[in-house]
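Listed after this line are the structures, all set down as structure tokens.
Here come two complexes built around subunit A, the first alongside subunit B, the second alongside subunit C.
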Partner chain A sequence: MTEVIFVQDGQLSRSIEVQSGEKAEMILLVLPGVSCDIKLDVRLAGEGSEANIYGAYVCGGQERVKIAVDMHHDLPHCNSRQLFKGIAGGTSKVDFYGKIIVAKDAQRTEAYQENHNILLTDGAKVDTKPQLEIYADDVKCSHGATIGRLNEEEQFYMRSRGITLEDAKVLQMISFIAPVLENIEDEAERELVVAQFESSIRNLAR
Partner chain B sequence: MFGSLMARALQDSRFFMSKDKEILDNITDKEYEHGFVTDVEQEFIPKGLNEDIIRLISAKKQEPEWMLEFRLEAFRRWQKMPMPKWAHLDIPEIDFQDIIYYAAPKKAEDRPKEIDPELEKTFDKLGIPLHERQALAGVAVDAVFDSVSVTTTFRSALAEKGIIFCSFSEAVREHSDLVRKYLASVVPVGDNFYAALNSAVFSDGSFVYIPKGVRCPMELSSYFRINAAGTGQFERTLIVADEGSYVSYMEGCTAPMRDENQLHAAVVEIIVEKDAEVKYSTVQNWYPGDAEGRGGIFNFVTKRGICKGSGSHLSWTQVETGSAITWKYPSTILKGDNSSSEFYSVAVTNNMQQADTGTKMIHIGRNTRSRIVSKGISAGRSQNSYRGLVKMLPGADNARNFSQCDSLLIGDKCGAHTFPYIENANKSAIVEHEATTSKISEDQLFYCNQRGIGPEEAVGLIVNGYAREVLSKLPMEFAVEAQKLLQVSLEGSVG
Partner chain C sequence: MANDILLKIEGLRASVEDKEILKGVDLVIRKGEIHAVMGPNGAGKSTLSAVLAGKPQFTVTAGSIEFLGQDLLAMSPEERAWAGIFLSFQYPVEIPGVTITNFMKTAVNAHRAGKGLEPLKAGDFLKLMREKMAFVQMKPEFAKREVNVGFSGGEKKRNEIFQMAMLDPTLAILDETDSGLDVDALRIVANGVNALHTPEKAAIVITHYQRLLDYIVPDVVHVLKDGKIVKTAGKELVAEIEEKGYDNL
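Up next is the complex of A and B:
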């Protein structure tokens, strides 16, 4: 079952150990106004275990959001996937750090990590440090990180079809965050979360 | 029917696996072909490092007072600095008092007109012809042997265009205002531990100045050779490309096989003025040590360029196959608006080699562009890391970066790591980074094998294809050497 966590102000430290055949799934949500320091330590400690960690953050003020994830692959045949997406506006500062460590004997590992960010203002700052530390050869590992802005061509496309700039931006930001929120299994819960993100994004676009 | 096919396929795959294993096991036995020692009479200064030694080096080079002051200032700073420990490297303790900081081939009383035949033979053996008539068409060479520059070719042809290409010590004596203006303007003396050490004891290197609007008609090249035992090489390169000029510069290095570790700590500074372009290529093939990790060069190098004027361009291309330990991050400061920089790298590590290498792109100006392509290949029991920084400062409007870092693992005892640092403080700047790590795909190997290409050859083919994007950026003379080097470095390391 997917664990959905609304992160609160302050520190959040979690150590997760995933046993053979088990699957851990977690979604971290950071809404505007929340400054937090998240530390996750995930250990795939049984053969064939799996971990999926997702995160979405939206910052519009003076938030400081720090996320650090260590993903340890100790044994063969384990899979992990991480997807973190966020929007930084105002004078917020986002720090992302994510490391995938694949031990010597952890053959047949598949580990992926992505971190994508959108900067809305010049006052906001995003630093990201995705890292791979790999000691086994039969692996498929990758990470990707981007920091960019809202695509102006997309905005033009929508505006030329009668959608206001504000609505266009809201649509862009929602669809940017959506791949994270999609992973909430329970439909009612998902709709609730999407609605919450939508209203905070709408505030940001104003 | 189906069952028998399955059995057959299984058998085949086992056959290939055992074959691969076999090849993997007899890996690494390729000898380092530049491992010979040249027997020339050399003059050394005493071991160790203190202010007297620095005064001695400076006196030997007949340097002006300001140069000595520069060295002493660097030395005083260096003494207060700790050795950097942040790299993903296992560096044994280095005793800096146990190194000879200056070694030069002995010369007759008067400077001889001809190069010592032994030296000439050495460079011939390395495939670096020093006689202009035999020289590769269009390449001017500056050859540095231990601590001194032995000869620089094609100087008169270059001088006609106003280009200065000479050894660093000569530049200090003859073009001291230029050297004084630019020296340490990109890499300050106290920049880091090894740069400070280099600033204190550097012995020779190359100096290049391309005047306004001049397109250098030939490739410039430096060739560095460590020969003497117990010494370190500390060379310094300074390249200045004035407005609208162009130069392509290549650097190569080799050293004899020895059981001891030798230190090589160089500093390269490049200044690119408005609309100028510099292309800097390195093929680094220092002695990597033997299969058990004995000996080899410690290659701790600081290379940095600045795109000072608008529209300037700096491109780094490196093929790193040698050295026991490599610590090297050729970087660019993109200061001028619309300036651009590229970094292309292939780093191969085998046996017990360690490499921590990458680049830094600091975007200051508007519309600056940078591109990073790094291909790491690790085999044997080696560790190969990419470490890079992309930084967008608040003023870097519309700046753009793309980085691609791929790692290839050959064998299950090596490691490949990626440590990018990405910082963006400008909303219109876009940074993209992606990295992958994998081994050579069995599908690709199978495809080749099926067509009669043996496993080893197939790996050579795949690795070359994998590195092509970088190799294709090298000047022609180097591309051939680099391709051969890749093959030699990986000989037998196939799995």
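Up next is the complex of A and C:
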């Protein structure tokens, strides 16, 4: 079962060990106004185990959001996927640090990590540091990080159809973080979370 | 008759990044008319359409545009859309993550809000979608696809005409709608445009070639060259251009 965590102000440290044949799945959600320091240490400690970690953060003021993930692949045939997507406005600052460590014995590992960000203002700042440490030779690993802005060509296209600039931005931002939120399995819960993000995103679009 | 005038452009000059593209354009379009704007590459055809739709990257440095008596240049792109202007893009923009249904629902309800109307009921909206999709021969799955993402050239242009049908504009501007289309797609698109045309509406068809104008027959043909309209005549001008080329006009 996927664990959905609304991160609160302050520190959040978690160590997770995933045993053979098990699967850990976690979704971290950071809404505007929350400053936090998240440390995750995930260990794929049994053969054939799996971990999926997702995160969405939206900052519009002076928030400081720090996220650090260590993903340890100790044994063969384990899979991990990380997807973190966020929006930084105001004078907020986001630090993302993610490391995948694949031990020598962890052959046939599949490990992916992505961190994508949108900057809304010149005052906001994002630092992202994806890292790979691979000691095995038969693995599929990748990581990717981007920092971009809302696409103005898309905005003009939408506005030319009568969609207001504010609505255009909301559509862009919601669709940007949707790939994280769609991992919430329970439909009612997902709809609630999407609505919460939509209303806080609308405030940022104004 | 003055009250037949939909669009009146006078002495329009526009630039992008300090480079002047339009150098004094005058154009009057009346209800019921289809105007073709032809011209060589780089003449300013696409700039004219972008300025009419209000693209922020273009700066109007002189002149005026009146649409149904309103000062178009004072309006935002969305206000122009609500007033009845529609631009079919030469290169329709891909919007990942936004489905056609969500996109059109937002657009249709924004138009309604602009006119002080309540949002369309879900059932009525879906009925309208189905009807207009059939109009451009789009399959039902089309509604669930992300806007223009992975669309073929023909699908993108049919999507433009679908949106036009949904929004029912008074003035349609078709910017190089024929580019990248095979004959079948061209026919679907042209039939769509013709079917939507009424004596109360007008269209500007911007094109480099004669091809599209075999299907959408213009009342008036303009040649735009180096940012100015250098010749205006009836539809016979199309054949003359095809024969002589733009250089010998």
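Everything that follows uses one rule, which is that the second predicted complex is superposed on the first by the 206 of 206 C-alpha atoms of A that agree within 3 Å, B and C clash if a C-alpha of one lies under 4 Å from a C-alpha of the other, contacts with A are read in each partner's own complex, and residues count from 1 in each chain.
What we mean here is this: contacts are C-beta pairs under 8 Å (C-beta built on N, C-alpha and C of every residue); 3 or more make two chains touch, one makes a residue touch a chain.
On a predicted model such as this, the values are computed, not experimentally measured, just so you know.
In the superposition on chain A, contact of A:157 is made with subunit C only, not with subunit B. Look at A:178: by the touch rule set out above, it reaches subunit C but stays clear of subunit B. When the two complexes are overlaid, the chain among subunit B and subunit C that reaches more residues of subunit A is B. Contacts of A:167 after superposition on the shared chain: subunit C is touched, whereas subunit B is not. When the shared chain is aligned, subunit B comes close enough to touch A:125, but subunit C does not. When both complexes are overlaid on chain A, the residue A:18 reaches neither subunit B nor subunit C. According to the touch criterion, subunit A has no shared surface contacted by subunit B in one complex and subunit C in the other. Listed in rising order, the residues of subunit A touching subunit B in the complex are 104, 107, 117, 119-122, 124-149.
Those residues of subunit B that touch subunit A in the complex are listed here as 88, 392, 394, 407, 409-439, 495.
Of all residues in subunit C, those touching subunit A in their complex are 53-57, 76-78, 80-82, 86-87, 89, 92-98, 102-103, 106-107, 110-111, 114, 163, 167. In the complex of the two chains, the subunit A residues touching subunit C come out as 152-154, 156-165, 167, 171-172, 174-176, 178-179.
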